[in-house]
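Here you go, one structure.
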Amino acid sequence: MTTEHTTQTEPRHLRRIGIIWIVASIIGDLLYWFLVGPHVPPGRMTSSATSDQLDFNILMELALPVLFGIWVFFGYCFVTWRSKRRGVAEPTGGAAARSNLRAQVWWIAVSSILVLFLAGFGTIELIAGDGSGGGEGPNPVWEPTGAVQAETAALTSSASWTPGTNHVLVVQVIAQQWKFTYRYPQFGGFESPQLVLPDNTSIAFNVTSLDVIHSFWAYQLEVKADANPQENNVAFTTTNQLGNFTVRCSELCGLWHGAMYNYGKVVSTSAFQNWATTTESANAANTKDLAPFAWTYVPDANGAAGGYYPDGTVTPYSPVETYGAKQPAS
Amino acid sequence: MSMGGRLVTVIAAFVVAVALVVAGVAVFLKPGVPGGVVNFTKAQPVGSPVNLTVQTVGAIGFGAHPTWVSYLVKDPEGKWIHDTTWELPAHTMIHMTVYQYDSGSPLRNQEWGQVQGTIGDTATLNGKSYTVYNSYTGNGVGHTFAVPSLNLSVPLIGIDGNATNPCNAAPCHTNYAHNVIKFSFMTPGAGNYSWQCFVPCGLGYLYGNGGPMSTQNYMGGFLQVVAQ
Amino acid sequence: MSDTSKNSQEITETPEEIEYELRGQIGSIWSGGRLFIGMYAFLLASLAFAYFYLRAANNGLLWRPHNVTAPTAYGWTIYSLCLLTALLAIFGERRLRRGSVADWQVAGWIGVACGLGALGAQIWEFTAVPFYPGSSGYASTFIGWSVINIGTIVVGTYWLETSLARSLRMQRESTSPKPELAMDASARLFRANVSSMTYFWGFVAISGALFLAMFYLL
Amino acid sequence: MTISAERPLKIAPEDALSHAHPHRTSWTERPGWLSQHLGTAIIGGILGYVFGHWLGNYITGAYPYNANSGQNSSADALALIFGVVGWLLGIGAFNYPLAKMIGREPKHEVPVEGWTKYFRYTLDHKVVGKQYIVGVLLFLFTGGLLAMAIRTELLNPTTHVFGPGTYIEIVSEHGTIMMMMATSVIIGPIGNYFVPLMIGSRRMAFPRIEAFSFWIFIAGYAVIFSALPYGGFPTGWTGYAPLQTQAGPGMISYLLGFAVIGLGMMAAGFNIAATIINYRAPGMSWSRLPIFVWAVLATAALLTLATPTLFAAGLFGVLDKTVQTAFYVTEHGGSSYLWQNLFWFFGHPEVYIMALPGFGVVAEIMPVFTRKPLFAYKIAAAGMIGVALLSFFVWQHHLFQSGINPDMRPLFMLTTELISLPTGFIFLVGMGTLYRAKIRFEVPMLFALAVFFNFLIGGVTGVFLSDVPVNVTVHGGFFVLSHFHYTIMGGLLFAFMAGLYYWLPKMTGKMMNKKLGLWHFWTMFIFFNLTFFPMFIIGLLGQPRRVFTYAKNLQTLNDFSSISAFLLGFSFLIFFANLMWSMYIKPTPAPANPWDSLGLEWQTANPVPLYNFERIPVIMTDPYHYSEEGAPSVADLGVGVKSPVSSGAKPAKS
């Protein structure tokens, strides 16, 4: 927006707007960075929480100048060129008011750079953060060191975990209507409604569902992964603070969706070791009855599937044949 | 029509609309607790244990969904009531008795075959104590009584699916085939605690969790725990 | 005051205005016909997406157990009849443009018969399907395809039939021997409509071949 | 007085063919008691419903899954399908399609005079536009009341006004009804009424399809409302399978409701696109098209191309629930991901179906109240088209945490952030238009400016959501809920209000009351922001969507939001009062061109005659030559009057 029509008395509006904008942006950004930024939820309990907080704050640092830029511009226009203001000049139409190549090029250039930077930065954070705590599907492309070995070993009966050896802890999250339960394959595959995690450890959450879609949201851990039936959705994070956290279901899953939450805790590695071995032996009687540890659990076609599909009554479809050994004996 | 006439018309139409909305809310959305609340805190000395007796039935036999499975509760006067919100005193021992009239099936997740959160993590089936039940054997599990937020879960073992005298309409009497499951638990502090069943018993619904499993007053409700 | 008809005095349209509106109308039939094909393409693409998605996922190894196939004879019959209808419609339209109204009528009505035959075969096929709808991903998408194809055939045959019926009525109401080929508004609109209709049938023939291959041959 | 080449035009303008056969037969003439209207439609709907229910139970009642579950989805589905067919038969939508089968041409319609035409299958686009106002307000107020119920439940974290089932039912119904409303809220009333007027056309391309789109929209209301007596559906408006497959009979209402509304959307988009392409007046080149028409054209393209996917997804869902296919059931060879992909492939263009007309209204209104030409017209049009195109390539950003194609997340993060470029163009246009202007803060202008404020927040938070790491926190929580309320309610609904206050004088010849309008604006603007801004914080603090219980420490914020929401609801009462007062109780006649606009739609007679323009206008230039000396007039209206040339900021005449 050039100022071709600027007369002697006309102030240089764009410069004024620019100055107000820069001052407001600097103050806003500084205030945000030092006062708000460090407290942005969900805190810094894990590696993904810490890096996602940084990501949020960087976005906010860029968003504030954008917001201020547009607000200042609009506000300035409202004050300066409101029709009721005494002596406001008649506007000038014509070609100059219809488009301004410089302004358009600048606008497109700046917003493109901003957008491309954000996409690039987000991608780097995503990859560097091993998926940033989000669900990465059954075969994660970005994962912490040792995760592949731990995941592969988890399916064997020899899987184990000992503190201090930097082993990735594999936790299976089983969502069902309407509760999460957790299996620990490295501790004999016991299952528990309690989620306890060791400090300073990379955790591989393997999230699956026994029925409809749920979403495992460990809020303070900054982990969120949808639980789909017959799908394994893996999310990683590394704990770095002791404390309690909340787990909620964040995908509408039916009647008791709102009641589908529990609290977990991050404890010291030795306390975790202690809890896990104790629970493993306490639950041993039930663990042997559980379905063998697997990434997903196919329902019994007749009983647990609810009898919606008339399996087995229509030839040639036979659930026994199609499900084969995966079908639990009933 | 004069202006006053038009004004009256609009106001009348508005009143009619409001009435329709109120009626719609009352009929379709039904604020409040479905069925109502059975109160176990009245006529109860403070601190003394509460006896809570319920039954499960395979097909309730009356109401809007006669084929649905449901819980019934015995109110303090000893009458069976179709109602799943129970008002209980806080920090009090609850002695719960379940008359199980329904047959069983394998659990979707054998985790719920474990008795959890009761006093001593144990329950009794027809007088015999148990802590774990393998649902792939025997009669399977009919239902579980579970309060997820209290980590309370008790598998209610099913009756023989081929029993000659199954109960098909509530309330059932003890001359029908049944199991008696007893356990005790402590109520926590005041609050609303939802309870539900983890057996896919909503027959004819995908994963067995639709219909009665997804409708309050059938296979789920609240423990309304109040401070005394 | 808001009653618009009260403000409508008797006016007359100039010939230019009539011609302008008529061109708009012909253009609408033309572009509407293509837009309709676009809409239908997205509908069929959704089905094709479901097909290939479930095929690639092969969840529970239940994409297509035992390589079950819908009755191939029905598939070929339905598709051949659809193709025949399309070819007859296209042939008829070409003959019509060259002035042979009788050829258009004969080809068109045979086309309608073929379309109805395809519809009947598509419906009757349900009785001959050797699998349960929910038994596999293939079975599900096949049922979906059958339902969508019933819709397609109904729409196409209806369009062909209404064109022919219009043509017949034009002949009955007109004194000239070939009113379809006249230069009046009615005839021009009629020809635009027939043209769009043949394009649709051509689209049905091509997309039908793809789905024939997907469901019966692959 | 009719000469052979000319025709009298005191007929329905859609009836361009009638002159071809002046000696038409009397096949359409019926006695008055056989005429078709809303009443016969309702009767037809009820009869169809009863018949369909009987048929479904007759065929499938004995199937074991129907007997066991105590519900027969096939019967419910057939009842609703036949109900809609009966409704359409009753209103007369099938008269012409059936007559066509015996070669009839469109019947000679004598336009109905008086108020009864609003209850009929009327072919005048101006009547359809007004019908749509009532239609979308019906949706809007129903959805709004449900929103009040949601906020009532959320007043307390643990004490429940409604049960959890009823709460989910309310949430789902609110979301679905509002989404359906939002697809049509501007396109329906303003698009149908003003697109022909803005492009200098006397008619719509397919008036029957237009009337069909309205009447099936109303049938859609009945279908989706039927979910409430059926006990609702538990899935929210996104209808995720397999919960969808598990749900009760209300789910059928959802699936068929969206299918029915989808048919209406396709019909509306089809008709509008054909009209804009083919019925522009001479001289109305693409570069002279009013920007609102560009927005509507982009929207129409999305409506026609994206909606078939929704239709297909809904069809598969209905098949899963009735004939037990397994499209969405993973254990049976289907996939729960399939619905998510199909739904969001429609769902994201759907979001822009809602946003674009709002942009169009705002950009159309700005020049009038700034007395300046629209800044960067080409950029604005390119932005609309760009948004429409890009919207097909971003759908997986709804699925960042779902585990679907996780390695594609950087790509979808990029496409999603790229879409903020064309969206940003709208802001450039707004800012350039305001610069050195003379701004009149009339009620429509205030609403239009509020769109910029709200949509800025909605758009910036959209960038937060598109960033995969940040998305981990905000996905599925109140943050995203607040984000899309800022874009849809803050953007679209404010733009709808701007459009309504701006164009109602043309549609009805009556002015909206300015004082009440200002009250309406300020209460709506303030309480909208007070309602939804706290939800960003609530979301960041960890409250998931659609829950009936939440953490106790969030009660203060939730209560603040709830109370603001009730006051926001109150502002809609002010709107309703204003509408009734100004349109019915004590109407003030509007000047012919109350805002002193150059737009072609203001140049026709008032009220708009049936045929819109006495002569088809010849367009000389675009309608944005404000404050320009020696500017050409917009159009030659051909009746001895040229449309006025505006030179400056005359004060509003109201």
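Letters A, B, C and D mark the chains as written, and numbering starts fresh at 1 in each.
Everything below uses one rule, namely that contacts are C-beta pairs under 8 Å (C-beta built on N, C-alpha and C of every residue); 3 or more make two chains touch, one makes a residue touch a chain.
Fair warning: this is a prediction, and the values are worked out from it, not measured in the lab.
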Leader among chain pairs (count of C-beta contacts): A-D
Whole-Å separation of chain centres (CA-atom averages), chain A against chain B: 35
Centroid spacing, where centroids are CA-atom means, of chain A and chain D in whole angstrom: 32
Where chain B and chain D are represented by their mean Cα positions, the distance between them in whole Å: 43
Rounded Å distance between chain B and chain C, as computed from the means of their C-alpha atoms: 55
Touching two or more other chains - residue numbers and ranges from chain D: 64-65, 68, 164-165, 234, 242, 245-247, 324, 326, 329-332, 337, 549
Residues within chain B bordering two or more other chains: 194, 202-207, 209-210, 214-216
Chain A residues counted as touching two or more neighbouring chains: 211-212, 230, 254-256, 259, 298-299, 305-310
Pairs of chains in contact (touch as defined earlier), listed by label: A-B, A-C, A-D, B-D, C-D
Touching residues on chain C, where the partner in the complex is chain A: 59-62, 65-66, 68, 130-132, 134-136
In the complex with chain D, residue positions of chain C that touch it: 1-15, 17-18, 20-25, 27-28, 31-32, 35-36, 38-40, 42-43, 45-47, 49-50, 53-54, 57-60, 62-64, 132-141, 143-144, 147-148, 158, 161-162, 165-170, 173, 184-186, 189
Touching residues (chain side chain B, partner chain A) in the complex: 105-111, 113-114, 116, 131-132, 134-136, 140, 146, 148-149, 151, 153, 194, 196, 198, 200, 202-210, 213-216, 220
Chain A - residues contacting chain C, complex: 230, 298, 309-310, 314, 316-317, 321-323
Of all residues in chain A, those that touch chain D in their complex: 1, 5, 13, 40-42, 48, 51-52, 55-56, 59, 63, 66-67, 70-71, 73-74, 77-78, 81-83, 88-94, 97-100, 103-104, 107-108, 111-112, 115, 118-119, 122-123, 125-126, 129, 131-138, 140-141, 207, 211-213, 215, 217, 219, 222-226, 228-234, 246, 248-259, 298-299, 301, 305-310
